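The following pair of complexes shares a single chain, chain A, combined with chain B in the former and chain C in the latter.
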Partner chain A sequence: MTTTPLNDVMAEGDPAQTSNVEQVPDVERPDRWWQVVWSSRKARIGIVIVAAYVLVAVFAPLVAPHDPLDSSFTPLAGASGENWLGTTTDGRDIASQLIYGSRISLLVGLFGGLLATMIALVIGMISGYAEGTIVDDILSFITNVALVIPTLPLIITLVAYSEVRGVWLIVGVIAITSWAGGARAKRAQIITLRNRDFVTAAKFSGEGTMRIVFREIMPNMSSLVAAAFVGSATGAIGAEAGLAVLGLGDSQSVSWGTMLYQANAQGAITQGLWLWVFVPGLVLAILMTGMAFINFGVDLLSNPHLREDA
Partner chain B sequence: MSLLDVKNLSVRYEPKAHRPLDAVQDVSFSIEPGEFVGLIGESGSGKTTLGTALLRLLQRPGRISGGSITFDGTDITDLSEDELRDLRWRDISTVFQSSMNALNPVTRVEAQFRDVIEQHSNLRGHKVTERIKQLFDMVIIDHKFVSAFPHELSGGMRQRVNLALALALEPKFILLDEPTTGLDVVVQHSILENVRRLQAEQGFAVLFISHDIGTVLDLSDRILVMYAGRIVEEQPAGALLAQPLHPYSKGLLGSYGDPRAETVRITYVPGRPPDLSLPIVGCSFAPRCPERVARCAEVDPPIVPLGAGRAACIVAEAQQREGGSGEHGEPRRTFEGPQFVKTAEESTQALRGDVVLSVENVSKVFTRRRGLAVQRTEAVTDASFVLRKGEVTALVGQSGSGKSTLARMITGVDSPTSGRIVFHGPKGDQEVSGFRGRSLRDYRSDVQMVFQDPYSSINPAKRIGYILARPLANYHGLRGDALRERVKELLETVALTPSERFVNRYGYELSGGQRQRVVIAKALAVEPEIIVADEPISSLDVSIRAEILELLNDLVQSKDVGILYITHDLLSARMLADEVIVLNNGKVVEQGQTLKVIRDPSDAYTRKLIDAIPNPF
Partner chain C sequence: MKYFARKFGFFVATLWAVVTLNFLIPRLQPGDPAEIIVKKLAGKDAALDPAQVRAMRAMLGAPDGSLLQQYATYLGELVRGNFGLSYSYYPFKVTEVIGQAFWWTVVLVTVTQVLSFAVGIVLGAYAAWRRNSRFDSVVTLGSTFLGTLQPFWIALLLLYVFGYTLGWFPTSGGYEESTPGLNFAFIQEAVSHSFLPALALLIVTPIGWILGMRNTMIMNLGEDYIRLAKAKGLPDRVVALKYAARNALLPSVTGFALALGGVLGGAILVEQAFDYPGLGRLMGEAVENKDYPLLQTLMLLTTVGVLIANLVADLLYGVLDPRARRAES
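== the complex of A and B ==
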């Protein structure tokens, strides 16, 4: 066998130029994910909104004028320099409650979203990767059951019968009742990815199943995971507020949901205390809108075609 | 007057997030009525963009940024969509590259023809059916498929249906954009024969886009060679073959050889096309060109009349001007780049290595239950052959011949229904069947695979270093510095040097050839006894195939590994393989030394395969 690279001919040219030929070209690395997300105007608005909420929550003691549980103010005071948004029937400062309340909402959003996404990932990915086997049958069955059980009554029952009523209970309950849809989506996605050549190639490298699923395949669907997380977090924030409004929240802490519950219980609307009712609802709605906006940006990650229009 | 007249056409892509690039730059050519024109170039040269622009089908962010397209006396460059609609299909039609998907999957074939015919002609009712049957006759498809759904047709038939559909209204011009890519040689051959015959009968003009210079030379009257968005050479097919002007054309010609010849030499064009979004000084081909002179890096060569056509190369022009006696020397016919040579004598030294795997009377039957009936499909019937150390065995056959099933059994994914596959490994003889879990994993430290498509076999989310490190960590337990050293060594083995430049790259940053090198390096990582290479070059550009063949060939020599090379391409089998096994409908119809089989085939099917190789020489 003779292989002739014809060095003599190549030597004729400028050597520096010749060695350039096989080098790695100056390919632009694709945009980093944050650049893509930031390129969408909706996502930018969403990120600014959520960032503002996070700052307020983190620095609540500095931002808030008073202790939210301090009931030493004149009850039912109107908005003033002392009480920005007035006070409640039992003399607490609404503005301070609102500011401290963002902590609970964001905490529940973050951890409820994380936990739900994690459950969805593990169950969805494994069942999708094992599609057609008994493992998939069992996991799919569990997913389907979780999908068809009416969520709200289940949450209410779980919370109503539990001994403690802390934030973590709420987080846990929301997570285990809301993962199923996400698991379905992950399962569908991994089924399209698991027959790619690079998965077979990983098997030939001697990788184990867990490693293939979570180290090889999962990075290729990270945008979907991110979108699912933002979605679940939004849902968790809404669910927490909903539970609190129904009186199933943590009575020891202040959240927007408990504020609404109190307002409702004290007949705020009939008394014309609009600020007390509307402001917690409004901040909640703005936060959830902001998170939905972020998801527009995350969408661009998974579907590059959208980027041209963004 | 020409049928199609393209003047100074430029197409510009202006994506929001990236630099704009001119995919087609200042292209001028014309096509006469009834002429068959070929357009060749490697991927990324802008041929498909040019084709799309001619059909006025460009989509955002691409647009025609300059020049004009005149079709049959009408300037269609700025024609509105409504006016184009009359023209499209009646006068200009096309068969797309991805025509596997060009038929609507939920509509019967007949309805799709009826749509087109009724929209543009006065035929109605059973006259349309008559016309469809006539069209089916033209492309040699049985009438019973008129009422079939697209998924009921094979790939080749679908492509014929697309061709018939393109011909439905007797257009004056058809654009064929790689119409046979993805089909195997025999089917490709018969479809192109068909096109050529119909073109001769009906006298429509064709622009045939392809990267396969063999077929283009075989079919075309005149050939346009495209590189980096420009036409670099235009000559009649015969003249291009006899006296190519542009070095790039020589490179493309050199990548093609006759497998029957005593000594086959195929060249490759190292490197890859320039990034068109960056400014290019001088000739865009200069960095890859073996004939370049100092002035090439400064002067952007204009396309000038030369030889029997036109070319954009200052060296070729100077050679012509000086008549071969000046400082630029004689015009050369061949590409003076790296080449890969296989002589007849090397081929006769085959079949001497130790047997490393033997396939003994293996059959594989797939059964599928359909209601009460059980359907049996025999994928492989009574196949016997051996793989030897340090040699390459080519498994040749059409798609559906059972090649992949055999590969799956050899890699331990499937088990044979009857017969046995024995692996004569370092740990003694071992029957390959029914491997699961641990034992399958262990077997894979001896048998590795190189995949067909290097674009999908490298995890896009991982760096090259990680990809190569995994098999080493898993099978050899390497960690830390030893692991990093070995990864670099592997990269050097497959000539990805300097290795530091590659370890932290992602697959998508590399060219097709470089990616395939990474895949080969990964297969080598565990020092296997056998590598199964499943069409490792068929998705690469013709101009760089030889470099992968050369690499595989060197590895066989130096690593003493046995390669099972699965292909439908006899030229590459000749270049690489010592032994050829021809597979037809799951049966081994012929096997023997490569050159003997190719030169003197004893089986009718082998002859058919060999005849299907385009032969412009």
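== the complex of A and C ==
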């Protein structure tokens, strides 16, 4: 797979020009994509972090000491061998809630990110390829409107109207409110690609528009798409937590956001139960940082002259 | 001139789209939205109170009639500034309830937004200038990590440490006994109550500026005019500030307005934690009490606010950068 768009180098000037500050080694023949990503230390750390979370989420029933909804423990117990992080005001095991909570975050991240990326791709690619036509005008307008509307108030309003707040509703609402930035980036990218010779060649050989856009051009942007997916997934995880701390989370399951909501509602900090507040936010931040770190590696794919940093 | 006309045209079109969206959201669910909402308020099995249904319809913008007629009435009410009555603060008008909270949030968000912009620009520019230095990696990694923190969580931690444990700041509300207004006692109380919420927002908001500024500045540092400036023997400080940073600042100006939406989102969560008497807490209350007229109006208000900020940024950009004007004429 050749995922080294030359235009990035052209657009941003020759990296060698900055060489009076640092030595730029000759760029070698590009490695395979996973080698490039893995070559970044940040990305390696990120991949290890996310992998650990995925393992915990998948094997939650084996890892967690108790059922997260079992309220048979002594309320307000401190950390102990039985309850690693203590218990809540209604006698649930905090550590088990934390472990099961990873499932919701990863689920929302995976599917919210996928869906948002797909919407962004379809709208951005079509709009960019049709640049200057009425189709582009309409799609660009929709994108710009979606970009201006503040996401969290819109998500809150949409979710507030629905009676059943399942995890899929949250995934859907997050996806349809967060695709716009990605769509705009993809539109800009395809505009720089669509007049290349290989596109002209494809047109002359009689390929259809859809095939040209999604089969010929899109593979040249795969690193951008990957970066956008990781970014959207991170955003989706954050948005779910934001909704849940307002009491708008999935009422059927435990997530880190709902833990924070409960902790705040039960007055955890006034009672000095700081572990209950501290740990869910921390594990959330570590997961999201891990994902952001992965993107440092993915960025190396689309922007070769960042590679000297790694 | 064409540039400004285009931007203004986009503003009007977006405003229309947002207003229409606000009209459509309650109608997305199947059935009569008024009945559904009243049913929700009254509980599943309770009989419908016709008066309530009528009140609800009035709020939704139309007693009866086709969707188009409802839309027309809705627009009419909007132009007259009539947003209906709030449920949770009955019999106050939505506009009155919002008016109480409005300035709390506007001041909080404006102050933190401007401060975080300044902090972010300076740190980002310096990180780019000292690229690959220890400072650069600390700032880049640090801001990546801070950017992933939940505003609500930061707020709770600050509350725990500075509010409850150390007792340096009040833990909730916006003021104590003083009468709101331009008197010293009130301003003093408002500032001490706003300090922690502002700090919480400040911790999570400069992130975008830092990374954005750093990346555009690195790009600019590779340009020919920077080489020329260095070749002329200009001191580093002049090259960095007057040449590279000045040009790198431009994209951040457009970003300024778009970031406002994110800051508003953060403010909603932070206000919730501090029980701060602004629009964010009001939104939380509206959700909790299913106060749909209030919720809809808040949503419209925040969106229009971001929209206006966006227009101002676009116009300013046109003034600052002649290329933007020329490119589109």
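One rule holds for everything that comes next: the second predicted complex is superposed on the first by the 280 of 310 C-alpha atoms of A that agree within 3 Å, B and C clash if a C-alpha of one lies under 4 Å from a C-alpha of the other, contacts with A are read in each partner's own complex, and residues count from 1 in each chain.
In the analysis below, a residue touches a chain if its C-beta (ideal position, glycine included) is under 8 Å from a C-beta of that chain, and two chains touch if they have at least 3 such contacts.
What you are looking at is a predicted structure, and each value in this text was computed from that prediction instead of being measured.
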Next on the checklist: Applying the document's definition of touch, where does A:150 land relative to chain B and chain C: first, second, both, or neither?
Outcome noted: second
Next on the checklist: Touch test for A:196: chain B only (first), chain C only (second), both, or neither?
Outcome noted: first
Checklist entry - Touching A:238 in the superposition: chain B (first), chain C (second), both, neither? => result second
Checklist entry - Is chain A touched at more residues by chain B or by chain C? => result C
Next on the checklist: Contact-wise, after the overlay, does A:246 reach chain B, chain C, both or neither (first, second, both, neither)?
Outcome noted: second
Checklist entry - Just chain B (first), just chain C (second), both, or neither: which does A:32 touch? => result neither
Checklist entry - Which residues would you name on chain A as touching chain B in one complex and chain C in the other? => result 12-14, 17, 20-22
Checklist entry - For chain A, which residues count as touching chain C in their complex? => result 12-15, 17-18, 20-22, 42, 141, 144-145, 147-154, 156-158, 160-163, 234, 238, 241-242, 245-248, 257, 260, 263-264, 269-270, 272, 274, 277-278, 280-281, 284-285, 288-289, 292-293, 309
Checklist entry - Which residues, counting only chain B, touch chain A once they are in their complex? => result 15-19, 60-61, 270-272, 275, 278, 286-288, 290, 292, 294, 297, 336-343, 346, 411, 441, 444-445, 448-449, 451-453, 456-462, 467, 470-471, 474-475, 495, 501-502, 505-506, 508-511, 514, 519, 522-523, 525-526, 550, 553-554, 557
Next on the checklist: Going by the contact rule set out above, which residues of chain C touch chain A in the complex?
Outcome noted: 10, 13-14, 17-18, 21, 25-26, 28-29, 40, 131-132, 141, 144-145, 147-154, 156-157, 159-160, 164, 219, 221-224, 227, 230, 258, 260-262, 264-265, 268-269, 272-273, 283-284, 286-288, 290, 292, 295-296, 298-299, 302-303, 306-307, 310
Item to check | Contact footprint of chain B on chain A as seen in their complex | outcome: 1-6, 9-10, 12-14, 17, 20-31, 39, 196-198, 200-207, 216, 219-220, 222, 307-308, 310
